[in-house]
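What follows is a pair of complexes built around chain A, which joins chain B in one and chain C in the other.
Entry: the complex of A and B
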């Protein structure tokens, strides 16, 4: 909505320094929490959440407030919001394959489903979104397309993060081809490769 | 033979473009009855109007399209609900509907739904 942009401009010019709510969105296991931890460690020295190979490790919105980022000649104050992974289907059997008992897997599925709904509800409140994708996976999924389309409709600035560059079969170009209208930053949240470039993009486009 | 939309119940003729493009309600799954000697079109429509999707139909859809769904991450939705509990620990979430701002609707049985009215109303307030 144009009024939102206008309001943002007034706030920037006349208001006090805005704290940007930066939301990390994407499918499960794309590396959102690894990236959130990297950002938080770089600027505050503290992590945000626990990381696991089992999908849906983040089942509640994890927050790290008042992160001060200095990049591209700018100083940004951000509240980092690490969202649960968004999925269209949650199946406990997937968790059992990672060694969880049936009961623990079913409980995890319930919490994960609640997490997906929470993440969607938070869309109303984020100012800028980092959409994190796994570069080794096909980006043309219903989840990615729906997230991007919805953020576009809400006029929320989007930076796409093509993550897991450290893996041999990473193909970030597939993500660039899939979403040519957006800024795509290739990174490895795990090794920290090109994360500085991401800070530059955040400084440039976050509002 | 006439077809009936599995979601809204609208009847379409055999050669209707909607059978390929999808019903005006957005659904793309249709019910039809096999031709039977002695049953004319009028009877078929009458019978079709009474016929609804049953649990076996959903199971069949899941069996036949489940593999595709797993690969593409798409979901089949023939009802109002945007959160479906298929089994204990198995859920399907219509993220498109939830992101659009629809209230959370969960189907717990044939004809029984739970609607999160607190959430739906708070969304309405925010919009107003």
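Entry: the complex of A and C
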């Protein structure tokens, strides 16, 4: 929608300093919360949320407001929005395999489905999106394609984060090959490797 | 085990509004059918389908697997215009219950699917 760009231009030129709503999107267990924590710790000294090996640990949008990021000669004020992972299925039996009781697994599944819906609703409200992918997995999935397609349709700037570079079988090139039309930044949110480069990309493309 | 695969002409869905289309698809998928639809879905329709799926997850229904092949990589102005005028944008969509579809491997020009209970 061109009006969105026009509105953004007017805001930048005539309005007060904009607070950028930066959404972290991706499938479950891609490392969104680990990355959100890294960004938040770097600039505020406080984490955003809890991480877990069990999928759908983040079941509500977690926010960290008024983060001031200085990179590439710019100062950005951001509200960081760590989204629940988007999935096409939520199976409580999968949670039971991680040791949860049936009741706890069913409750987690119920909350996870609401989280997916919430994350989708936020797709039209973020200003810039980091689409976080696990570099050890096949990136050419329908969930990744649907997320990116929705953001493209709304002309929201996208930076793809090829995460988990610290793992031996990481293959960030597969992500670059799958989405050649987008900027891809390789990082390890866990170790912090190349996260500074990500800040540079955010400063360059966020609006 | 028996797996039912239903091939659906784009003409069936063209007459339906977006919500009707999603209901039609989910009703069939919940009956353990794998659907092969002679049309790609737009990204916005896919996200609405995911939302509708999440609202229906309960008991034995744990969601869907979906894969779409588009004529082109992304939804261009031409595709949107054709869609708005009620035309067929080409492509293909495969949708089924996640309990039955074990694995979907998507390539830019093909979809392979492993199904079984």
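The rule we apply is simple: the second predicted complex is superposed on the first by the 207 of 207 C-alpha atoms of A that agree within 3 Å, B and C clash if a C-alpha of one lies under 4 Å from a C-alpha of the other, contacts with A are read in each partner's own complex, and residues count from 1 in each chain.
Methods note: contacts are C-beta pairs under 8 Å (C-beta built on N, C-alpha and C of every residue); 3 or more make two chains touch, one makes a residue touch a chain.
Computed from a prediction, not measured in an experiment: that's the story for all the values here.
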item: Chain A as common anchor, with chain B and chain C clashing or fitting; value: clash
item: Touching partner for A:109 - first (chain B), second (chain C), both, neither; value: both
item: Chain B versus chain C as contact partner of A:92, first or second or both or neither; value: both
item: Which superposed partner A:133 touches (first chain B, second chain C, both, neither); value: neither
item: Contacts of A:142 with chain B and chain C, given as first, second, both or neither; value: both
item: Contacts of A:152 with chain B and chain C, given as first, second, both or neither; value: second
item: Shared chain A surface residues [contacts with chain B and with chain C]; value: 86-93, 109, 113, 116-117, 120-121, 123, 141-142, 146, 150
item: Touch list for chain C against partner chain A, complex; value: 42-44, 46-47, 50-51, 53-55, 57, 62-68, 73-75, 98-99, 104-108
item: In the complex with chain C, residue positions of chain A that touch it; value: 86-93, 109, 113-114, 116-117, 120-121, 123, 138, 140-142, 145-146, 148-150, 152-153, 181
item: Chain B residues within the chain A interface of the complex; value: 69-70, 72-75, 83, 88-96, 98-100, 104, 119, 126
item: Chain A - residues contacting chain B, complex; value: 86-93, 102, 105-107, 109-110, 113, 116-117, 120-121, 123-124, 141-143, 146-147, 150
